[in-house]
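First chain written, first letter: the chains are A, B, C and D, and each begins at residue 1.
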Amino acid sequence: MNEKLRKIKAVVMKYPILVFLTAAVLVALFFTPNFFTVFNLKNLLLQSTDLLILSCGLTLVQLNAGIDFSITSVLSLGSVLGAYLMARTPLAANPLLGICAAVLMMAGTGVVFGIINGAAVTRLKMPSFIVTLVMQMIGSGAAVLFVNSIAAEATLSATIAGLPPAFGVLGGLGNWFFVPVLIAAAVFLFSDWLLTKTRFGRNVYAVGTNARTAEVSGIPVKKTIFLLFVLCGLYAGISSILATARNQSGIPTLGDKMFLNIIGAVIIGGTSVLGGSGGVRQTLLGVIFMSLMTNVMNLMNVTWYIILLVQGILIFVVAMMDYVMKRQSAYQEN
Amino acid sequence: MSDVILKLNDICKSFFSVEVLHHVNLELRQGEILGLVGENGAGKSTLMNILGGIFPMSAGSIEFLGEPYEPASPKYATEKGIAFIHQELNLFTNLSVAENMFIDNFPTGFLGRIDKKKIRAKSQEYIDKYDLNVRASAKMGNLPMGSRQMVEIAKALMKNAKVIIFDEPTTSLSNREKEKLFKAIRELKENGVSIIYISHILEDVLLLCDRISVLRDGKVVHTDKRERYDRAGLIRDMVGRELTQVYPSVEKEIHDKVLEVKDLNCAGFVKGVSFCLREGEVLGLFGLMGAGRTQILRAVFGLDPKESGEVRVFGEEVKKPSPGECIHRGMAFITENRREEGLLMPRPVSTNLLMVKNEELAGSMGVVDTKEEAELCRKMVKTLDIKTARPDQQAANSLSGGNQQKVVMGKWLLKEPKIFLVDEPTHGVDVGAKYEIYRLILNMAKEGSAILVVSSEMQELMGICDRILVLSNGRLTGEVRKEDYSQERIMKFAL
Amino acid sequence: MTEACEGSVGKRILQYLMRYGMYLIFLLLMIYFSVSNPNFLTFNNLILILQQASPHGIAVIGIIFVLTVGGIDISIGRNMFLASTLVGVMTVNVSKNFLDSTAALAACLGIAVAVGIVFGLLNGIIITKFRMVPFITTLAVGSVMRGLGLTISNTRQFNITFMSPLASGRIFNIPYVLIIFAVLLVVSNYILRSTTFGRHLMAIGNDPENAKKIGINVDRDTILVYVICAVLAALGGILSAGQIGTIAATFGEGNEFIAISAAVVGGASLFGGKATILPGAVVGILLITLITNGMAMVNASPYAYTIVRGAIIFLAVMLDSINYKGVLR
Amino acid sequence: AGCAGQKENETAPAAASESTETEDNGQDQSKTATDVEKDNGDMTIGVSICSLFSPYYVGTYNGITATAEQMGVELVTLMADDDINKQNEQMRNLISQKVDAIICIPLDGTSIAVTVQEAMDAGIPVIMCDRAIEGAKAAKSVVADTYQMGKDIIQWFVDDVKEEDKITEPYQALLLLGSLGDSATVKLSTGFKEVIAEHPDIIEIVGEVPTEWNQETALKGMQNWLQSNPEINMIIVPSDLLIPSVQSALQQVNRWHRIGEEGHVVILSSDGDSAGMQVLKDGYSEVDGAFDAVDCGVQSVIHAVKILNGEEEADDGQIVYGATLATYKNVEETGPSIWSWDDVE
C-alpha cells in the first residue's frame, strides 16, 4: 500500500472522529452557505475557546479517574467576583488596574477551588464525585448569593454589567478575536506538552491506570492528583475570564448549563472516565465535534429539540465508528 | 487408565494475526495427571483458556467423552465438567470467601434465595480440610496471597468435575500447602478425575504427573511417560538447549550493614522482628503461608503502617517510610501481587518497565528523554527475554504470566537499587528465565547491593541466599547460615 | 490489603465515630431541626419527608444496581421526563372516563415499564455489545429521550391530576408512594444481597474480566441492570410528576445527579462492586430530602439552600471517608 | 432604561399599557398583522428566545410564528435553554447567518447587550421582546414591566382588602422565587416586596422558597413550609408555571379551598397562562397579573418588518406593556382579554 495512504489510515484508526469531522464540514459546505464565512468561522473558534480550556482541565482530572463538577461554578463565581471588582468597586475608576485585579481574582477563584478539591480528595480521601459536586453547589450558590446581596443595590439586574470596554479584548470582542483563541491554544499546548513530554505526564497516566501500582513504584500519587485538581481549577478560572469578557457582564449562572457539553467533549474525544487513557489531543477533537455539531445545525435551522435528538444519535455514530476501528487495531483487548 | 476422555485436534490460535498455537494435538486419559510444561509464553495458558471456553480457537476441534466439545463460554465448560484454576487468581476481593467459592453455582432455595448457611458450612468444611485458617465469612480482599490461592484451589476441588486444569497453582504456596494440594490431587485421581497440571517447578511435575507434554513456541514437541523423563530432559525439550546449572555461582563479598530493622510490630501479623542486611548479602526470608513475610517487607517499604519498631537505612532512621522516600534512599520492592500492585495492566510493556526509572530520566523541567527510554527498554526486554513483539504497544495484560513477572522484575532492575526487597521474584517464571534472574540478583549483590528475598520455594532460597531467616506466625524463629542449610532444619523453625 | 490498626481507646472511639458518622450527622440534624421548630418532629412532617423522598428514592434504587456493576446512568432524569410525557400525552388522547378508572394508573405503570425496557435495553445493548462507555452512552440516549419527549409533547404542559390519588394519596395516613418505595426497597435489597443475580452483579463490579472467566453472563446481567434502572427511573418519574399534577418541559432535568449523589452519599462506589440499598440508598436520599425540609423548618435564606446542603453532604461524606483505606477516587 | 417608576396605574386593575416614546401602543389591537400584510417573501428574521419551557414564552413564540406566517416572513429560531452564554452565542450564530432582523427575547437584559450591539453594528436591527435591554441600543423594544407588575399585584390586593375591610391580622405569606439568577424574577420579587414592606399590617412574608423554575422543587419547598408554618395563608407566585405545584401542595394538606370557604389560602400570581387563569376562574386565586404574551410577540414581528421596510426608524423606542390584572372580581370581563383564555375551560 501507498505509504501516505497507510499513514492516513493509521491516524484515522487512532482518531476515528476525524471521519466524522470531515463529513460535518462537507455537510456544512453543501447545505449551509453561511458556514464558510469569516464571521462564522471566527465565531465558531471563539465559541470553542472556553469549551476547549474547560475540557482540557477536565481531561487532566479524568485521566486520574477523577471528575470535577465544580468547574462550572468556578465559571460563575469567578465571573461575578471579577465583574464586581471591575464595575462596582473603586477600581472601576482605573480600568487597567481593575482588569488586572479581576483577572487575578478569577484565576485565583479557580485555584482556590482546585486546592479545596484536591485537598479533600487526597487528604480526606473523599470521592471526587461528591467533593466536586458539593463544591459546585456551594460555588454556584455563592455566586447567586453574592449578586443578590453584596452586589444587589445598584440595579435590579441579576447580572453585573458596566465592565470596562477594554476587558472585551480578552473575550475577543471587536477585532481582538485572536486573543482568546491564542490563550486557549496556549492552554491546550501546555497541557499536551505536560502530558506527553514530561515526567509529570507519565505519572498522571500511571496513577490513572492503577494508583496502587503507582504508589508501590514510588510515584507521588497524592501530589499528582492534587496538582491536577489545581490545574483544572486554574483552567476554569481562565475560561471564566474569557467568557465574562465575551459576555461583557458578570453572570451568576454562567456555567450552569455547560457541564454536559464539557464532559461530552472529553469523553467523545476518547478520554476514559475510569482514568489512564486519553489525552488533550483527543479532547480537542471532541471539542471541535461538539461545537461544529451545534453550529452546523443552528445554521441549518434545525428545530431546537430536534437538535437534541440528532446530537444523541450523532454521538452514537461517532462512538460506533470508534468501536469498529478499534476492533481492527491490534493489541487492544480481545 | 487407558481410555482417552479429552482429545484436542489441531488447535490453532492467533491473537491479531500473530499465531501463538500451531496445530496442537493433545490427549487426556481417564484418571491420569498430565503435566504440561514449556517456556514462558509457550502457549500453555492459552491452550487451557481455549479448553475452558475463555478464548475461541482459530482452528481445530475438541472431543470430550467421545462427543464434540465446543467451548463457547466458561459456563459451557463448567457444565460439561471441566474445572479450571487460572494462573491469575480469579477471585472477587469484595465478596466473602464462601461467596467466592460458590460464585458460579450458588445453591438457591425459595425465591432464588441463596442458602447462605449452606455455603458457609460447606466452604468451611473445605477450608478446614486444607487447614486454611481463615473464616468462611472473611472478605477475600483481606487475605494474604497464599490463602487466596488455596481458596481458588479449594473452589475447583469442590466442583465434582471430570477434568480439572491447574495452571501454576503453587506459585504462592509453601511446601506444606503444596503437599496438601498434591494429596488432594492424588485423591481425585483415585476417584477417576483427570487432571492437567501446568507448572514451572519441574520437580513437582516429575513427582506428580503420569505423563508429561512439552510445549514449545505453540507446538507440542514431545509427550511421554514420566518415567522416561528427567529434569535435564525436560529442560532440553522446553528450551531446546542444555541447562546444567540451576543456580549460578557468583563470588562476592559481604560488607557493612545497610538495612537494620529493630523490633518491628505490625497489626498483630508481625511481632518483634529484628534483623539486619549487609552490603553484598542475599538474605532469604522463609516461612509458611501467612507467616508475615510479605508484611515485613511492606512495612519496611512504607506500604503498610507499622505499629512500632525502627528501620534504619544506611544507618539513618527512616521515621515515616513511604515508597517514594524509600526509593529515594535507594530501595526497591517487588510485590507478590503483580496484578494489583505490580503492573499497569492495560498499559504497554515499555511504560511499565520505565515507570520507576522515569524520575531519573527527566531532565530540566521534567521533560523526559524518549530516545534513552526506548534504548533502556529494549535492553531490558532482551536481558530478561520478555516475549513481546512490540514492547511499546503490547499491553502488559496480554503477556503470558511469566513474562508479566519479568516485567515487574525488569522495572526495578533498571533502577539498580542498593537495597532490594523481593517477594516471590520467580513467581511463574520458567527455568531458563529463573536462572537469568538469579544471576542478575547475585551480580547486583556482587556490585554492592543488598537483597532480601522472600520465597515459598525453599530450594530457591537455599540456592541463592547467604543466610535464611525463618519466620513463624509473625515471629523470627531461627536463622540458618549457608553452611548449615538443610530442608529439615529450616522447616523445623517454620512450623 | 490490611485491616485497620487497632490502637488505643481514643483511637477506637474515633473510629466508631467515623464509621457511624453519617448517622451521627443525621441525628444531629434531626435534633437541631426539632429544637428549632416544634413542627419538625411531628408525624405529619416525618411522613412528608418520606413521601417526598420516595419517587427519587425509587430512581436511586435503580442507579444502585447500575453502580454495582461499575456503570453509570445519566439518562435517569430524561427518562423520567419521557415516561411522564407519555403519560401526559395519554391524557389528551383518551376519554375522561378512562382517566378516572384505575385502568389509567395501570396504563401509567405499563408506560413506565415499556419506556424502561426499551431504553434500558438500548443503553445496555450499546454498552455491552458495542463496548461503548456507559457515561457517553447514557448521555446520548438521554439526549435522544429528551428530544423525543419534546417532539411528542411539542413543549406543551400536560395536566395529569388523575395521578394524584396514587402519587399523593394516603392509606391510614401512609402515602402510597411510600408503600411502593418500601416494597421496592425490600425486594431490591433482597435481590442484591441474597440472590445469585445480585452476587453476580457484585462480582462483575469487582472485576468484569474475571467474572466473564468464571462463566457469569456479564453482558446479559449488565443489560438487565440497565433495564432495571430505566424501569425504576421511569416509575419514579411518573410518580414524581403525579405529585406535582402537571408535567412541564423542564421536568426531570438534573435528577440524575440527585440520584447518583444520593447513592454515593449512601456509600456506593462509582468504580463498582460496592453499593448497598439498605441502608445505603435510603440513607442517601433521606439525608438529601431531610436537609431541604429542615431548611424550611429553620427559615433559612433561600440563597443559603444549596450552600448549606452542599456543606452537610460534604461533612457526612468526609466522616465516612477519613478512615478509607483504598485507592483515591 | 425607564421601566420603573410609573405609578399611574396603581389602582387600575385592567390598566392598558402605555407607550413612552413612540405612539405605537401595545394594546392597539386595531393595528394587527393584516394591516401591514404584504409581500415580505425574501425576509428572514432570526428569533433568539431564552427558553420555551414555560407556557408564557410559548405564548409569545406562538404570537411570533403566527404573525410571521401571516406576513410571509421566514423565521430562524434558536432557543438558548435558559443559558445566557448560549444565548449570546446564538445571537452571533444568527448574525453569521445574515438574517435581516433579530427578535430577541433575552434571559437577561444586561448581559445580552454585547451581542445586541454587535448585531446592530452589523446592520441587523434587533427588536427586544419581553425584556428591555440595558447597556446597548436596540432598534425597538416591546417590553413587559415586571417590576411594576409586582407592585400592581400587591397593591391591588392591599386595596381590595381595605375595601372589603376583612383584615384582622396580617396575612402570613409565602413567597416563591424563580431562578435566582434571572433579572426578571428579581425585579418581580422586588416589586412584590417593596409594596409589602409598605403595608406590614396587611401582609407579612413568612418565608421564601427558591424554586429554580422547577415545579418539583417548588412543590417540595411549599410542602415543607406548610408543615413548618401551618399559619401560612397566602402564597405569592412569580409565574403561573408553578400554579400546579401550589395546587398540589395545598391539596395535600387539605387547604385547597375556594375564596370565601373556610381555610382558603390566598393566591396572588402572575403570567396569565391557562393554568393560572383556570384556578382564577374557578375561584381559588384572587388575582393573576398578565402581560399579553402573544401580542408581545405579534408586535415584535410587526415592528421588525416595518423597520426593514423603512417605515419606521430603528431608534431604540420602547413600547412598555403594563400588566392586566385579572381578579376574582372581574375575571368574567377581563378574562377574555387574557392571551391564554382560549385554553381555559
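Note that contacts are C-beta pairs under 8 Å (C-beta built on N, C-alpha and C of every residue); 3 or more make two chains touch, one makes a residue touch a chain.
What you are looking at is a predicted structure, and each value in this text was computed from that prediction instead of being measured.
Engineer: Can you give the shortest number of steps from chain B to chain D, where adjacent chains in the path must touch?
Structural biologist: The fewest touching-chain steps linking chain B to chain D number 2.
Engineer: So which chain is farthest from chain D, going by the mean of the CA atoms in each chain?
Structural biologist: So the farthest one, by centre of C-alpha atoms, is B.
Engineer: So, what's the distance in Å between the C-alpha centres of chain D and chain C?
Structural biologist: The answer is 35 Å.
Engineer: Roughly how many whole angstrom separate the Cα centroids of chain A and chain B?
Structural biologist: About 45 Å, centre to centre.
Engineer: Averaging over Cα atoms per chain, report the distance between chain A and chain C in Å.
Structural biologist: 29
Engineer: Give me the residues of chain C that touch two or more other chains.
Structural biologist: Within chain C, the residues that touch at least two other chains are 155, 303, 305.
Engineer: What parts of chain B, by residue number, touch at least two of the other chains?
Structural biologist: Expected reply: no residues.
Engineer: Do you know which chain D residues sit against two or more other chains?
Structural biologist: Answer for chain D, listing residues that touch two or more other chains: 52, 180.
Engineer: Can you tell me, using the touch rule above, whether these chains form a line, ring, star, complete graph or other shape?
Structural biologist: other
Engineer: Taking all chains into account, which pairs touch?
Structural biologist: A-B, A-C, A-D, B-C, C-D
Engineer: For the complex, which residues does chain D have touching chain C?
Structural biologist: 52-55, 58, 177, 180, 206-210, 213-216, 219-221, 223-225, 227-230, 241, 244-245, 247-248, 251-252, 275
Engineer: Which chain C residues qualify as touching chain B in the complex?
Structural biologist: Interface residues on chain C, with respect to chain B: 1-3, 5-6, 190, 194-197, 199-200, 202-203, 205-207, 210-217, 273-274.
Engineer: Please name which positions on chain D make contact with chain A in the complex.
Structural biologist: Within the complex, chain D touches chain A at residues 4, 52, 76-79, 81-86, 88-90, 92-93, 95-98, 108-111, 113-114, 118, 134-135, 147, 179-183, 185-187, 190.
Engineer: Across the complex, what residues on chain A touch chain B?
Structural biologist: Residues 197-200, 202-203, 205-206, 209-210, 212-220, 276-277, 330-334 of chain A touch chain B in their complex.
Engineer: Can you list the residues on chain C that touch chain D in the complex?
Structural biologist: 37, 39-40, 42, 44-45, 48, 52, 155-157, 159, 164, 168, 240, 243-246, 248-251, 253, 289, 292-293, 295-297, 299, 301-303, 305
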